[in-house]
Amino acid sequence: MSRIDGRTAEQLRPVTIQRNWSKHAEGSVLVSFGDTKVFCTASVTEGVPRWRRGSGEGWVTAEYAMLPRATNTRGDREAVRGKIGGRTHEISRLIGRSLRSVVDFKALGENTIVLDCDVLQADGGTRTAAITGAYVALADAVAWCHERKLIRAKAQPLTGTVAAISVGIVDGVPLTDLCYEEDVRAETDMNVVCTGDGRFVEVQGTAEGEPFSRDELNSLLDLAVAGCAQLDGAQRQALAAP
Amino acid sequence: MSRIDGRTAEQLRPVTIQRNWSKHAEGSVLVSFGDTKVFCTASVTEGVPRWRRGSGEGWVTAEYAMLPRATNTRGDREAVRGKIGGRTHEISRLIGRSLRSVVDFKALGENTIVLDCDVLQADGGTRTAAITGAYVALADAVAWCHERKLIRAKAQPLTGTVAAISVGIVDGVPLTDLCYEEDVRAETDMNVVCTGDGRFVEVQGTAEGEPFSRDELNSLLDLAVAGCAQLDGAQRQALAAP
Amino acid sequence: MSRIDGRTAEQLRPVTIQRNWSKHAEGSVLVSFGDTKVFCTASVTEGVPRWRRGSGEGWVTAEYAMLPRATNTRGDREAVRGKIGGRTHEISRLIGRSLRSVVDFKALGENTIVLDCDVLQADGGTRTAAITGAYVALADAVAWCHERKLIRAKAQPLTGTVAAISVGIVDGVPLTDLCYEEDVRAETDMNVVCTGDGRFVEVQGTAEGEPFSRDELNSLLDLAVAGCAQLDGAQRQALAAP
Amino acid sequence: MSRIDGRTAEQLRPVTIQRNWSKHAEGSVLVSFGDTKVFCTASVTEGVPRWRRGSGEGWVTAEYAMLPRATNTRGDREAVRGKIGGRTHEISRLIGRSLRSVVDFKALGENTIVLDCDVLQADGGTRTAAITGAYVALADAVAWCHERKLIRAKAQPLTGTVAAISVGIVDGVPLTDLCYEEDVRAETDMNVVCTGDGRFVEVQGTAEGEPFSRDELNSLLDLAVAGCAQLDGAQRQALAAP
Amino acid sequence: MSRIDGRTAEQLRPVTIQRNWSKHAEGSVLVSFGDTKVFCTASVTEGVPRWRRGSGEGWVTAEYAMLPRATNTRGDREAVRGKIGGRTHEISRLIGRSLRSVVDFKALGENTIVLDCDVLQADGGTRTAAITGAYVALADAVAWCHERKLIRAKAQPLTGTVAAISVGIVDGVPLTDLCYEEDVRAETDMNVVCTGDGRFVEVQGTAEGEPFSRDELNSLLDLAVAGCAQLDGAQRQALAAP
Amino acid sequence: MSRIDGRTAEQLRPVTIQRNWSKHAEGSVLVSFGDTKVFCTASVTEGVPRWRRGSGEGWVTAEYAMLPRATNTRGDREAVRGKIGGRTHEISRLIGRSLRSVVDFKALGENTIVLDCDVLQADGGTRTAAITGAYVALADAVAWCHERKLIRAKAQPLTGTVAAISVGIVDGVPLTDLCYEEDVRAETDMNVVCTGDGRFVEVQGTAEGEPFSRDELNSLLDLAVAGCAQLDGAQRQALAAP
């Protein structure tokens, strides 16, 4: 059985990671998972938020947003409505936690890196693309800090790599990297964030319809670990370029 | 090795579920997991939100909040700050999704039930206590609808039961139903929502420190399934009382 | 003629004042006037707001809120609407002023005590129950400060006691401690805050229908003074317990 | 003993009531109590708020605000801060209630009148000047409705007149119509709203320092009733002009 | 051809500039352009916003607002809606820029002057009346600073004068100082801010209907320069009074 | 004398207009003026805002925003701050007015087109690039409406073309299409919106330092008209592609 777009169950959509997409940001990446395109920038500032001052430790945080017409029908701007929606909050927090899981804040020193992930076009998996792209922008920003000597020469603020994939059960079949149409029809939807060594940073599974069994959960985790490993490769390849 | 409060790794804190705690609400429960106390009310209104009108289907949603001094140090009121925080949004959404997973909206008809979960005292596990208590309030509200004939006599809006527990890894040991002190020290923290038949509605695991392995994930899931089964018993017992 | 609930005109509803209702707050009270139940916590922090720093004087303030389903029909959460309503503002200010009337800020020193009064169940008189309960929570918080030596040993921050009662004219008859049904039907509604020695801190009378005469005003004040004296007794009794 | 500005204890400041101060509003008044100047407009719209539709009854409401530099030091604009402060809310509600006390909503029919009271210059007593001036603007707006035949020919939407005065105890002496300097020093501050026949619509007394006795309360009420009677005269005189 | 109100194309409406309209503000002006009336106050505070501290330079800013019933139909209060509208923002910024164009911030020293321009009655040209009146209030505030020795004796913070006029094309004819009815019908609308020596500070022309030609633009600029020269005279006359 | 980037005074930066940059929007353009890149989408919805219903006329509006790191230092998200800044409001309104100047709303029928202009990278002239790109997106959206028969076959909703350029005086020299560094140093800054036939839709000139003379204004207008003519060519060329 083949999927809507002809993929096999365990096949990711084409992934591209373009670095240096902005002339201003210390790290910037346009990441695409198929038709999902997210623009990730990493902004470095010296100093940390008030509650962390004097600790000798840095901070990493993230903000996620969708452009109003990233989706099939236009959504209101959150700035115009005057408040951040629950979904936006939730995803921003997820991205921030995921990246912090591979940061050694002592090594970063009292510097702050903000990851902005703005979805230019959405077709499912925007949060997982955002995490995957933001990691690369973060790595570039850390390199920039090294060049500017904002970080001690031997300090290694990144303790590993991190990537994320969505998996789900559609018509009873576990699939990886769901596009929007699959996502809408999924009975179970799971976002998994893994480090490059195959361990878990986040596992967020939700039954959209029927509750799911332990076996189904296991199948989804298998798909996710395999998908993240592929994304890890794509990240390394992107970062290996000059 | 025994825990801070003397429990074994797989032992829940004392659970109490007091029904009819309010004279106004169609369902109302004071639930406690140890020192965590959450007041859950279910409010029935005829009709549904605009986007669902004419569908013949009902709606269930939830709002979670903490009283300012539910915690050890006083937090600002979100109403005073003028916006809902990300954590509050996230938990409200989780509770709503969890309860909707056991609702047949056709059977509910065009009625709306809002679950308000207000934390009176917090000591870890507030969201899991909220889900567990809110289910009982929801069941009472559904019964109230039946008495008032808002629902067809044979309709069964509840397709199952649902409860939730937090589990985590503290000092390398998987523990169930973390209290606040354990939660703060946990390397991995997971909230699991199960139906009464032992299937999963939500699995949300987060590495607070080190990433976690597949084995650790499995241990946590085992604990969670066992914990939810116990909570399911407590719910049934509470609902069996007149 | 007897009232809806069988009371005489000058009879209060049953009053209960339960102390130590929370394990976190420095003072905490669940107060009930009949079916009206308000949870009052007193939170101590060292230091004072910016505009008072260096004055050597402390500060006491209050915030009042209703849980969404404290009333017969569910009200929107003010946090969700993103702003505090006029009624909430007004009552919070009233509670704060009432308590400050019995505080010697020099004796309190540069400490701040915040009284949170959250209505768990409403049946008329929520603001008067809140003031009455908050005074007891405040007294416990002051005692806590003494134990922790945040206040000088001989300092007496409380210069008196304070309690409040609602009175009103229903069907031409002055009544004390109105329940919700009486309150709705009252032609005149008055909230009176008295010190333990029978003097006035606040008198807020409002004609809901016909304007009221000087004689009617005098009858209401008589009822209020008598009611507050009874509440003063209930407060003393509660505080006398260990 | 004479007052700061040479008045006797029971003497009002000079009161002026200028009608037709705006070419747009259906009623408009510039009222001054000494240096306190409030611009009151009454705006008529056909129809009523949603919750009152079909009742055959009208509605009257009020909004109070201060210009930023109405006071001695500039205050932030509430529009810029993005929220209405508690004091503003409280006074707006007081003005609305006071005016509604003399309105027969059946006679008004399904029309809405909004009273805007904007303080151009403040020197104590802004809320009482606002009520006194707004009544005159309201009377003009009702006359305008009659001319336009928005109201039935014989209907009398105004059932009486209403005016307001502040009174207080300064250095132990009861005084009427406090100016700002007196207000700041007052031990007790009371705002009283009376109808033209000398009955009470609102009595709001607050101990700013020491609690006040029943005797003091009585003295203040005497002063207030006398002051309102004088204001009633000023209103009648203003309305008698063409 | 004569205009709605009988003026010639190049004739301004009657202009009045009343100084000292408030007892509190350091400068205060009630300016009228025909039926448009704007109350302008200048508030001096020592010190500057954070971003300018230590620069030795002062700051001037402005806030514009309309009273709700300044216009023919009542508008909602921006404070009640909880946000400043786009038009208000735009005009506040325009007024601030216009006044800053004639200020030498070094000469002003680290003082801040805020111009509040509140429209009491609107009949077209509110922003131009506001700029013209605010300049006079600013001049009075600068004089006040000199008297209080907040500014060095020889420092001249005002480097020139500034006034503003609206011009437009109505039924094909260029007209100056549009009243509301003309403004609504104008095909092109332009606001021009000039210094007393006839140079431009702001030129803001907008085609409301048909685009406008270079010739039309030139005719409008001619009218505007002539109008501003007249306003400059009115300002000088007002300031020449004691 | 050559400019920072080697251009002559009247030379535009390289202009690119890429159509169909999004798969969802009815019109979508990535426009760049040198390093300034703006993503413009046109979203069509059937129906119009409430105030326009039943008129038979359509509506066109615009929203402008900057991504947080579009600029050299990161700016706060307006959604996070909870309000739209004055500059954003002002530019959104300018873009909307500019596009409406070439729309025949009768021909558009009761359809609404929203133009979203999100700045991905800023280097001066973001509002002029936005207008220029949004026009092309609008044209594509109109064509889409024709294909879907939302517009009558012979109706021509676009009555002309529109483009915009910034011009300014830097070191006394009038220059066209200012980049950020020139913009910061400009004594006078002007944004001009022209139709394809060389007439004006908007002229917004501001003296940032010294006021500007009529001669300087004329030079700037000459540059602007020439620049817009070039942009008109670029738009036509882009739209001529399939």
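So that you can tell them apart, the chains are marked A, B, C, D, E and F in the order they are listed, and the count of residues begins at 1 in each.
The rule is short, and it goes like this: a residue touches a chain if its C-beta (ideal position, glycine included) is under 8 Å from a C-beta of that chain, and two chains touch if they have at least 3 such contacts.
The structure presented is a predicted model; accordingly, all values stated were derived computationally and were not measured.
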| field | Other chains in touch with both subunit A and subunit D | value | none
| task | In contact with subunit D and with subunit F at once: which chains are those? Just list them. | result | E
| task | Over half of the contact pairs shared by residue number: find the pair among D-E, E-F or C-D that meets that against B-C. | result | D-E
| Roughly how far is subunit A from subunit F, going centre to centre by Cα mean, in whole Å? | 33
| request: Measure off the straight-line distance from the CA centroid of subunit A to the CA centroid of subunit B, and report it in whole Å. | output: 28
| field | subunit B-subunit D separation of Cα centroids, rounded to whole Å | value | 50
| remark: Distance between the CA centroids of subunit B and subunit E (whole Å) is 59
| Listing for subunit A: what residues touch at least two other chains? | 82-84
| remark: In their shared complex, subunit E is touched by residues of subunit D numbered 22-25, 28, 35, 39, 41, 43, 45, 63, 65, 67-74, 77-80, 82-84, 88, 114, 116, 118, 120-123
| For subunit F, which residues are in contact with subunit E within the complex? | 83-87, 89-90, 92-93, 97, 101, 160, 190, 194-195, 197, 199-207, 210-214, 217, 221, 225
